[in-house]
Amino acid sequence: MTLDSALLMNSTRGPDRGTQGMAAAGTPKMRVSRLGFWYGSTLALENISIDIPVNRITALIGPSGCGKSTFLRVLNRMYETVRHTSVEGEALLDNESIFSMDVTTLRRRVGMVFQKSNPFPKSIFDNVAYGLRIAGGMDGLQLREAVESSLRRAALWDEVKDKLHEPAYALSGGQQQRLCIARALAVNPEVLLLDEPSSALDPIATAKIEDLLFTLKQSCTVVLVTHNMQQAARVGDFTGFFLLGKLIEFDRTDIIFKRPAKRETEDYITGRFG
Amino acid sequence: MAAAATSRVQLFRRRLQAGDEAAHLLTLLFGVSILLITVLLVWELWVNSALPRQKFGLGFLFGRVWDPVAEQFGALPFIYGTVVTSAVALLIAVPFGLGAAIFLAELAPARISSALTFVVELLAAVPSVIFGLLGVFILVPFLRTTVQPALQSTLGYLPIFRGPVLGVGLLAAGVVLAIMIVPFIVSISREALLAVPAEQREAALALGATRWEATRQVVVPYARLGIFGSVLLALARALGETMAVTMVIGNDPRISASLLAPGYSIAAVIANEFTEASSEMHVQALIELGLVLFLLTILLNGVARLLILGMGRQGGRP
Amino acid sequence: MKTRFILRKAINALMLGLTGLCALVTVSVLFFILGYLLWNGGRALDWNFFTKLPSPPGETGGGMANAIAGSAKLILISVLVGLPVGFMAGVYVAEFSGKTMAFFVRYTTDLLNGVPSIVIGIFVYAIAVLPVKHFSVLAGGLALSLILIPVVVRTTEEFLRSVPGPLREGALALGARHWQAVATVIVPAAARGILTGAILGAARVAGETAPLLFTSFNNRYWSPGLGEPSASLPVMIFTYAIAPYDDWHRQAWAAGLVLLGLVLAANIATRWILSKGLSAQR
């Protein structure tokens, strides 16, 4: 797929395409200011400032090891599972600092889907219901309705509705990843972080997930890390380019890919596309 | 960085309040209980052996006489019996065990190797008293009627093969111990050999070595720390073995040069005399023997584990 | 040159044979043991063995019903005490502890594991028999639990650690607290392995004799409750084997067969459980 056809595909899908700018996108869902992040004494993210627009898909691209996954993991404080990390700067979710709120509340509002699908060794139903059960407060009927609704949102319901109590491992790779998306959606997050969600999947499964993201952004804010520039071009409303721990440029997808302001961005883009 | 520090403290405190602290404390309790039990064990051993320690001091370890009636307690016959039977056990078990380990790790085809390894591990699970049972009814008569007369007629001039042929004795105990510790030598040495990087073996083979040459000259030396560790672990087990030894060693607290003579081991005398002990001094002397055994095995286990860990980390280089 | 080559090949073949012989001899020991037990023990097994109490020396027709019940009770006590303690300690080391505490707990667990079982017997004698001045099943069960605990701790830790990181992260990312993730995802994922550790530990404890010699001691009759001395299979085997009565020897063989049969069955069963678990995942 060429860059032009990717951007064209983007623009033909549904309303508000890349013609609208940041201002039209409304108040940002998450605002990050001067974020710095260290693994021990190594600086991994430097002075990141970015506004994630609400109900849009923000794609983050960049070469391997440039910090985009690290950045994602700051947004839901998953870095706290690793020792000797430290963070500096400000990050707000709806004007509330993510560092001062309760971490499990944060993680329910900001969900994450991982690169390699990681369903629990439980049934399909139990996987999707997990987050809801942990939070508590739902009876059996509400739980079943919530599970069905999440599986529908993840475009998986029709394929699994007859085998909800079979093990999740019996599903194919693409289905497992959609299951993980359903599982993340079940707790109704306001933001969904996806870390290279289709890098391990074939093109058909990838297309299904990308379609899914389009419908999702109407109810959710999506941040997508991808090493696949065509995916960013196909799917992202806004794109951010990371390089060596810094955010080089962040703008509407068509601007990033057609008229990048920074030299490094242009080098990266053109390096990929012949 | 200051902003980061306070926010980290804040979220740490928040985390603790949320039920993680309760879980941490609850499991900590159980972890600490193991520490307490171990400390209590050592303390009880020490406190309950006070009488003989005060009366005999270090001489306890060198006293040759064990006479409960006269209240004379010397540990030497038991230390001797324990050491000799363990030495005999190692002499028999190490060649067999190492040979088997080499076969299973290096020379045998994979399917045979895994099946045989499984059987060896089952052998390690056989209870001591079963070995004793077979020792009493099968091994001892066999030694008495066949092996020992043969040894005497051929090598009878050696002091270790003198004396009446009874079947029971140091040799019988040594053989039974050997059979019991072989599985440990086999399985740990086998793992040590398997841990040698394939490149080492392949480098030797690529230079034209036969499989045995590659094994003997490259693989085994590389794994020597782990192999030595397995021998020490096996020795530690042999020292503490009670039932099988008690049933075939002859239970005679004297020191004799001959392997055919009956003897006694530390564990065996404790097992036999503890419930019959006549006086407080007698009981405490047996407990002091238990303390000696405890210290010996802990020391050996500690060194063995260091070696086996060292093998994992350094990969065989000294 | 040629002769040296032939010599090297010959040595190679010879060593293959010799080491193979060592392996064969080692393996055949197990079959020897099984064979003798099946032959001598099989002949001696009868209905009386499982149902009757021991008869006085010289009389035939006795059995080991009380020893079987006693062993069952002892194993049960040891599992009821040892499994929770070992499991929680294993969870502590694998999930909640810092580096220094983990080191200490692991170190003392290994220490406890290496203590000869007769010394464990002395210890429990000092704390559970001496103060009340009589032997008891409870004391025997306690001694066995001390042998079981290190096994359970080590298996629990090992299998908890082996749960893949992504599974852990998936739970945390859904808003689970650490302890919730441990209880609802990590422990269930490791459950099969932990269970096999418990079974193997119980099998080992079933065959232990030395620690029972001065804790649960022995009993010619039934042992109700927890406070009385009790017969047990291993102690009966020991007592009967060294006694001068043929009928008792016969029964010792039968008991040996039963004991070994149970131990081997448990070991093989855990192997099967583990292999089933591995193939079920992905």
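A, B and C label the chains in the order they appear, each numbered from 1.
In this text, a residue touches a chain if its C-beta (ideal position, glycine included) is under 8 Å from a C-beta of that chain, and two chains touch if they have at least 3 such contacts.
Predicted model only: the values in this text are computed from it and were never measured.
Participant: Which chain lies at the heart of the structure, taking centres as C-alpha averages?
Facilitator: C
Participant: Pick out whichever of the two, B-C or A-C, is joined by more C-beta pairs in contact.
Facilitator: B-C
Participant: I'd like to verify one number: the distance from the centre of chain A to the centre of chain B, where each centre is the average of its C-alpha atoms, in whole angstrom.
Facilitator: About 56 Å, centre to centre.
Participant: Return the distance between the CA-based centres of chain A and chain C, expressed in whole Å.
Facilitator: About 50 Å, centre to centre.
Participant: Taking the mean of the CA coordinates per chain, how far is chain B from chain C in Å?
Facilitator: 17
Participant: Mark out which residues of chain B touch at least two other chains, giving numbers and ranges.
Facilitator: Residue numbers touching two or more other chains: 15, 18.
Participant: Find every residue in chain A that makes contact with two or more other chains and list them.
Facilitator: 104 - these are the residues of chain A that touch more than one other chain.
Participant: Mind pulling the residue numbers of chain C that touch at least two other chains?
Facilitator: Answer for chain C, listing residues that touch two or more other chains: 177, 180.
Participant: Going by the contact rule set out above, which residues of chain C touch chain A in the complex?
Facilitator: 164, 166-177, 180, 184-185, 188-189, 280-282
Participant: For chain C, which residues are in contact with chain B within the complex?
Facilitator: Per the stated touch rule, the residues are 8-9, 11-12, 15-16, 18-23, 25-27, 29-30, 32-33, 36-37, 40, 84-85, 88-89, 91-93, 95-97, 101, 104-105, 108-112, 114-120, 122-123, 125-127, 146, 149, 153, 177-180, 182, 200, 203-204, 206-210, 213-214, 217, 234, 237-238, 241-242, 249, 252-253, 256, 259-260, 263-264, 267-268, 271.
Participant: Can you check the complex and tell me which residues of chain A touch chain C?
Facilitator: The contact residues of chain A facing chain C are 76, 78, 81, 104-105, 107-108, 111-112, 114, 116, 118-122, 130-131, 133-135, 167, 169, 180, 183-184, 187.
Participant: Enumerate the contact residues on chain B facing chain C in the complex.
Facilitator: It is residues 15, 18-20, 22-24, 26-35, 37-38, 40-41, 44-45, 48, 95-100, 102-104, 107-108, 116, 118-123, 125-134, 136-138, 179, 182-183, 186, 210-213, 216, 236, 239-243, 246-247, 267, 270-271, 274-275, 286-287, 290, 293-294, 297-298, 301, 305 of chain B that touch chain C.
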